[in-house]
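There are two complexes below, and they share chain A, which is joined by chain B in the first and by chain C in the second.
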Partner chain A sequence: MKYSYFPGCSLKGTGRAYEESLLPVLKVLGVELEELDDWNCCGATAYMAVDEVKACVMASRNLAIAEKAGHKELLAPCSACYLVLNKTKHYLHESPVVEAVVQKALRQANLTYSGNTPVRHPLDLLVNNVGIEEIKKHVKHPLKGLKIAPYYGCQIVRPYATFDDQYNPTTMDRLLEAIGCTMVTYPLKTRCCGGSLTGTLPEPGLLCSYILLKEAITRGADVIATVCPLCQFNLDCYRDKMKGKWGHETIPDPRNKDARVPVGPHLDIPVVFFTQLIGLAFGLSEKELGLQRGFAPMRKPACAQRQSAAA
Partner chain B sequence: MDKVNGNHDVRIGFYVCNCGTNIAAMVDVQAVAKYVAALPNVVVSRDYKYMCSDPGQELIQKDIKEFGLNRIVVAACSPLLHEHTFRSAVEAGGLNPFFFHMVNIREHDSWVHTDRDEATAKAKALARAGIRRVARHRALEVKKVPVHPDVLVVGGGIAGIHAALTLAKSGKKVYLVEREPSIGGHMAKFDKTFPTLDCAACILTPKMSEVGAHENITLWSYSEVVKMDGYVGNFKVTVRRKPRYVLEDLCTGCQECISHCVYKEPKFPDAFNEHLGKRKPVYIPFPQATPQVVLIDPEVCLNFRRGVLTDKCKKPCVEACGDRKAIDFKQKEELKEIKVGTIIVATGFKTFDVGRMPQYGYGRYPNVYTALEVERLVNASGPTAGDVLLRDGHHPKSIGIIHCVGSRDKNTNRWCSRVCCMYSMKLAHLLKEHTEAEIYNFYIDIRAPGKGYEEFYDKLLEEGVHFIRGRVGEVTDWAFIPEEEGKLVIRVEDTLAGVVRRIPVDMVVLATGLEPHADAQNVRRLFNMSCGTEGFFLERHPKLAPVNTFTDGIFLAGCCQSPKDIPDSVAQAGAAAAEALVLIDTGHIEQEPNTAYVVEAECSGCKSCIPLCPYTAISLLPDKKKAYINEALCKGCGTCVAACPSGSIVQNLFEDAEIFSEIDGLLEPTSV
Partner chain C sequence: MELKRTIKYESDRVKGFGREVMSVPGCEQLEHCIQCGTCSGLCPLSIFMDYTPRQVMELTRSDFKTEVLRSTTIWLCASCYACTVECPKQIRITDIMYELKQRAIHEGFYPKRFPIPVLAQEFYKMSHKRGRVTENFLATIMFLKTDILAALGMWRLGLNLLRRGRFPLKLEGIKRKSELERMMAVVDKLSIDALNNGHQTGGNGGRQHGAH
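Showing the complex of A and B:
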């Protein structure tokens, strides 16, 4: 099946590694993508907060272009895009007022939108269209022994939980287990990463990110896997600031249950996109998957190294 | 044309009611009376202040005698309110009660219009239609059907128990059918009951044994109703009795078989103890179980393999039973057919499935409990003998009770379950008494609207139980500060203090709401009842017929109708028993003659009416190949009449001639 593909700004910028890993993985699985011609800003959370209708206009231009392109479904990997596009569809459906403004704006650009293009997330597509069994067939180097904290962030399950549970999503868990990883219990799966607060009100924003890192570490994760460019950015890019603020706090020593150690040095846990892990298991190189872009280097798990050496 | 319906002999009396000012303020009643007086066949036409009053009714009766009237039309309120009143008045005046017709000029006219002239014109048109119609009315007869005096009670919770005992004590024979091996329902699991904190077993078990011993009660536990036919006064019911592999008449309840079972220790999860305790393959659900008869679980007994008899066990149980010979591994399920006149449905509720709210961590964190589990945990006869020992082997020093789990929530169930605030406070009190722990209640509102309930809330406040207003966001085990490590953290917005709080506790109790049973839809179909949108069985009228259903002769009691506490369940059970007694002691029921009948000569036997009948009143006469309508079952809905392709079904009181005359009358222009 062929899908329209809406990368959004993140996948071309700070979240480049997401696109770099998503495209080759889908290629291996035989999923064809066609990038939308002349796409624009999705309308994003920032816009939504200022003027919802204008944000809907932005988003619906992309939906209209997708409809014109003729593929039935639109893939939106970035959580913010995914949410805004879905929210716009919802508003167009529910509110005649919003719909009238949007259609008027679209007409001026010689576009129309019927409201029928499903907006899909890669997790949804991989689990429900490609299928776990199919994915397993392509695994060359199972990531045995790699302990993952699966972190979904908020936007793909709230407010619309379309393909996964709102409180305890499991699609990424199932995907990563299929490629050999072990999930640690991570009850913070959908907790806030701090969002854009890290830029505007750093104190509470950074605290949100810090909690997520610290909890993944105390639960013994080697890697945090995420689906969202903003989450990945927040968790990956402010480690120095976090170390400065909270590095002295102690956590139970992973090696000795009764002792406590400062959290600081442990904060360098890699934060990667789930597609990068799938790519590794498929035998793609670290470079191809953009793994060098992370601030905390992600080393291949020992087993994968051994196997790729043997191969 | 016959004489009566041929117009010349028809002598109509017409009465328009003022209803105080309810009608007279918007309709010129004198003008209506004057207008109708000039219509054909009308002999008398009057307006009167309150037609439903005694003088109003006497007026009709006097006129019947004085003017030789043989048809009466009253234009007043809705027939739902007073049709019966006027039919009786007409009958007392010496006429067949169906030579009467009622015209609604209140709900359909004066109450809903604002222009007096137009409302008056409408009243005239409606009255004219009624006059035309009544001329076509035929004399009809109210049929009497005898009522079988035996009663079936379905469900042996406190509601079913109370209904059965009430009826049995007044000398009626009762069949009590309970699905589980013992009666008692939810109440049998409780330690104490709010707000008086009297011991649940102490007040329930005497009633249970009374049921077991009462000569008028046939108790069939471990049984289910599988079929019901018939109609009010004459139901035919089939009950399936599941095999216990123990003969009820021979078992004395000595439980020797249990002590001698090849399993020396109890090994299998015990449903009565909410799976917190264990039982053997041969067991009795709880010490006071009624009937006092053991049963064998073929899923785990060594003498069976996956439910199929293998006879591979040494059977020390049979040996222990000895001469009593009560154990019978070959027992088969039995179908019993009974006849009853009335049925009381008291199948109770189930508690909300907490798996639907994963954010509260049930199943993920061992120290998260449901309220029913805690009822067993604080119970002296429970799996820990009343010791509140957590699944992780500790005693709790702090406990959080989360209210409204699966209640008052758009995402799960919207309704208030009515008892959870109260039972949460009861459990708070009992847990404090048993553990001396700090107790936090997380609530949306405290709903304590019963006798002694608000006082109970006050008592809890004085005992130092904490109350935090806010719906809990999540229960989690991630620690923000070292003091939280190893605890369950309850995250909640404290809406009185206006802050988000994290409360670390050792134990979480989920106050689960009350829901209809998973099989409520089946039971509804079985007994021809309706369900409300939430799935609880629907009463006929929320205020004035709260224990009746839309099927005559079938009544509701307890939580199957809506969530309620024990006092209300018992009160409703008494009411349902009284309603059944009315029917039984009257001895017969009167049937509204608005039923349909088949004109056999015209019926082609096409059977298209049969599946349409919502009351399964129609069958095909096998010999004649004609449709036949059972008058006792027909409710006069008219569906078959409208659907019959050959027009061979006629409905009394709604014959074509009657309806067409009414329409003609309505459409004729008003010439004043």
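Showing the complex of A and C:
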């Protein structure tokens, strides 16, 4: 089946590695994508704070273009895009008045919105359309022994639980287990990373991200797997600042349960997209998967041993 | 030492504000808030807020417009929707926060150099003008408009991003920008109509909200 593909702004900028790894992985699995013609920004969380109706118009242009493209479904890998597009669909369904405005605006572009194109997330597609068994068939180098903290973030499970459990989502856990990884218990898997606050008000924003990193480290993870370009950015790119603020805090020593060590050096835990891990297991190269773009780079399967040796 | 009155007076209320917010699609359930505080307990950012989310809900419902629109709470909401999904009364707290943010921007209720509303408005402008947002340019504009010193403190992050190919050097944009402009013009026209209607009926047409 062929899907319309809505990359969104982040996947062309700071979150390039997500697109770079998603496309080859889907190619291996025989999923065809066609990038949405002349797609525009979904509006994310910032736009809605200025004008909600215009936000709906922005988002619906993409939905209407997808309908015109004629593929049955629209794939939106970025959590913010995924939520905004789905939220717009809900909003248009609930409010005929807003829908009338949107339709009127769309007519200016010879577009129309019927609401018949579901917006899907790659996790949903991989687990429910491609299937875990099919994915297993393509694994060339199982990532045996690699301990993962699966971090889902907010917006793919809230406010709508569309394809996974709202409180304890497991689609990414199942996918990564299928390629050989081990999941650590990570109770914060849907806690907020701080979103855009890390850039605007670092004090509260960075604390949100730091809590997530620290918990993953304490739980013994080698790598944090993410599904969202903003979560990935927040956890990956502000480590210097976090080390300065909280690097002196202590965590249980991984080698000696009775001792405690400063968290600072451990904050360099790789934070990758789940698609990068799947790509590695499929035997794709690090470069092809954009792994060099991480601030704490992860090396190929040997990573597991390297991590424990470093610890 | 400057002393401020901490207890609200009846006269601080802007009568009708709560009703107005609760009439916006998606915000209706606020009427049924039982002040249980689940939202405040769940919110990962409430520890930094001047009013907790529970307080903002009551202040809104009780017409304390100035307090609500000046609060840091609405801007600290990072849209994680934790409160919304847990609210026993199905109040869409995150959406109400969005509604309040819009009102605070439209009515000029935020400190001039406060970065969050500045970012929101720059995001709005860039996505209109270009059809797409290039994050590093957006962040740079925000820093220049709010805190140039903070911008200087980000040089290292910028350099690290640049080295890893995550700092685009040109602005992204769509091809059919005029199409988007025409679409937005439709909404602008409707807002003006709605405003006029509001004035004629003596209602509270003080801001756009599309078509109601």
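We take it that the second predicted complex is superposed on the first by the 302 of 311 C-alpha atoms of A that agree within 3 Å, B and C clash if a C-alpha of one lies under 4 Å from a C-alpha of the other, contacts with A are read in each partner's own complex, and residues count from 1 in each chain.
Following the convention adopted for this analysis, contacts are C-beta pairs under 8 Å (C-beta built on N, C-alpha and C of every residue); 3 or more make two chains touch, one makes a residue touch a chain.
What you see is a predicted model, and the numbers here were worked out from it, not measured in a lab.
If you stack the two complexes on chain A, which partner ends up touching A:Asn168: first (chain B), second (chain C), both, or neither?
First partner only.
Identify the partner contact of A:Pro187: answer first if only chain B is touched, second if only chain C is, both if each is, neither if none is.
first
Among the partners chain B and chain C, which is in contact with a greater number of residues of chain A?
C
Examine A:Gly43 and indicate which partner it touches, taking first as chain B and second as chain C; both and neither are also allowed.
second
Answer with first, second, both or neither: which of chain B and chain C does A:Glu215 touch in the superposed model?
In the superposition, A:Glu215 contacts chain B only.
Which partner does A:Gly13 reach: the first (chain B), the second (chain C), both, or neither?
After superposing on A, A:Gly13 lies in contact with chain C but is clear of chain B.
Just chain B (first), just chain C (second), both, or neither: which does A:His248 touch?
After superposing on A, A:His248 lies clear of both chain B and chain C.
Could you tell me if A:His93 is touching chain B, chain C, both of them or neither one (first, second, both, neither)?
In the superposition, A:His93 touches no partner, neither chain B nor chain C.
Jot down the residues of chain A that show up as touching in both complexes, chain B in one and chain C in the other.
none
How about chain C: which of its residues touch chain A in the complex?
On the chain C side, the touching residues are 25-26, 44-45, 47-48, 75-76, 78-82, 84-85, 92, 94, 98-99, 101-102, 105, 115-117, 119-121, 123-124, 127, 131-136, 139, 142, 156-157, 160-161, 164-168, 172, 174-176, 179-180, 182-187, 190-191, 208-212.
For the complex, give me every residue of chain A touching chain C.
By the definition above, chain A touches chain C via 9-10, 12-17, 38-41, 43-54, 57-58, 61, 91, 94-95, 97-98, 100-101, 104-106, 108-109, 154-155, 158-159, 166, 191-192, 194-197, 199-201, 203-205, 208, 237-238, 240, 292-295.
Flag every residue of chain B that touches chain A in the complex, lowest number first.
Against chain A, chain B makes touches at 357-359, 361, 364, 474, 476-480, 482, 485.
Going by the contact rule set out above, which residues of chain A touch chain B in the complex?
165, 167-168, 185, 187-188, 211, 215, 218, 250, 252
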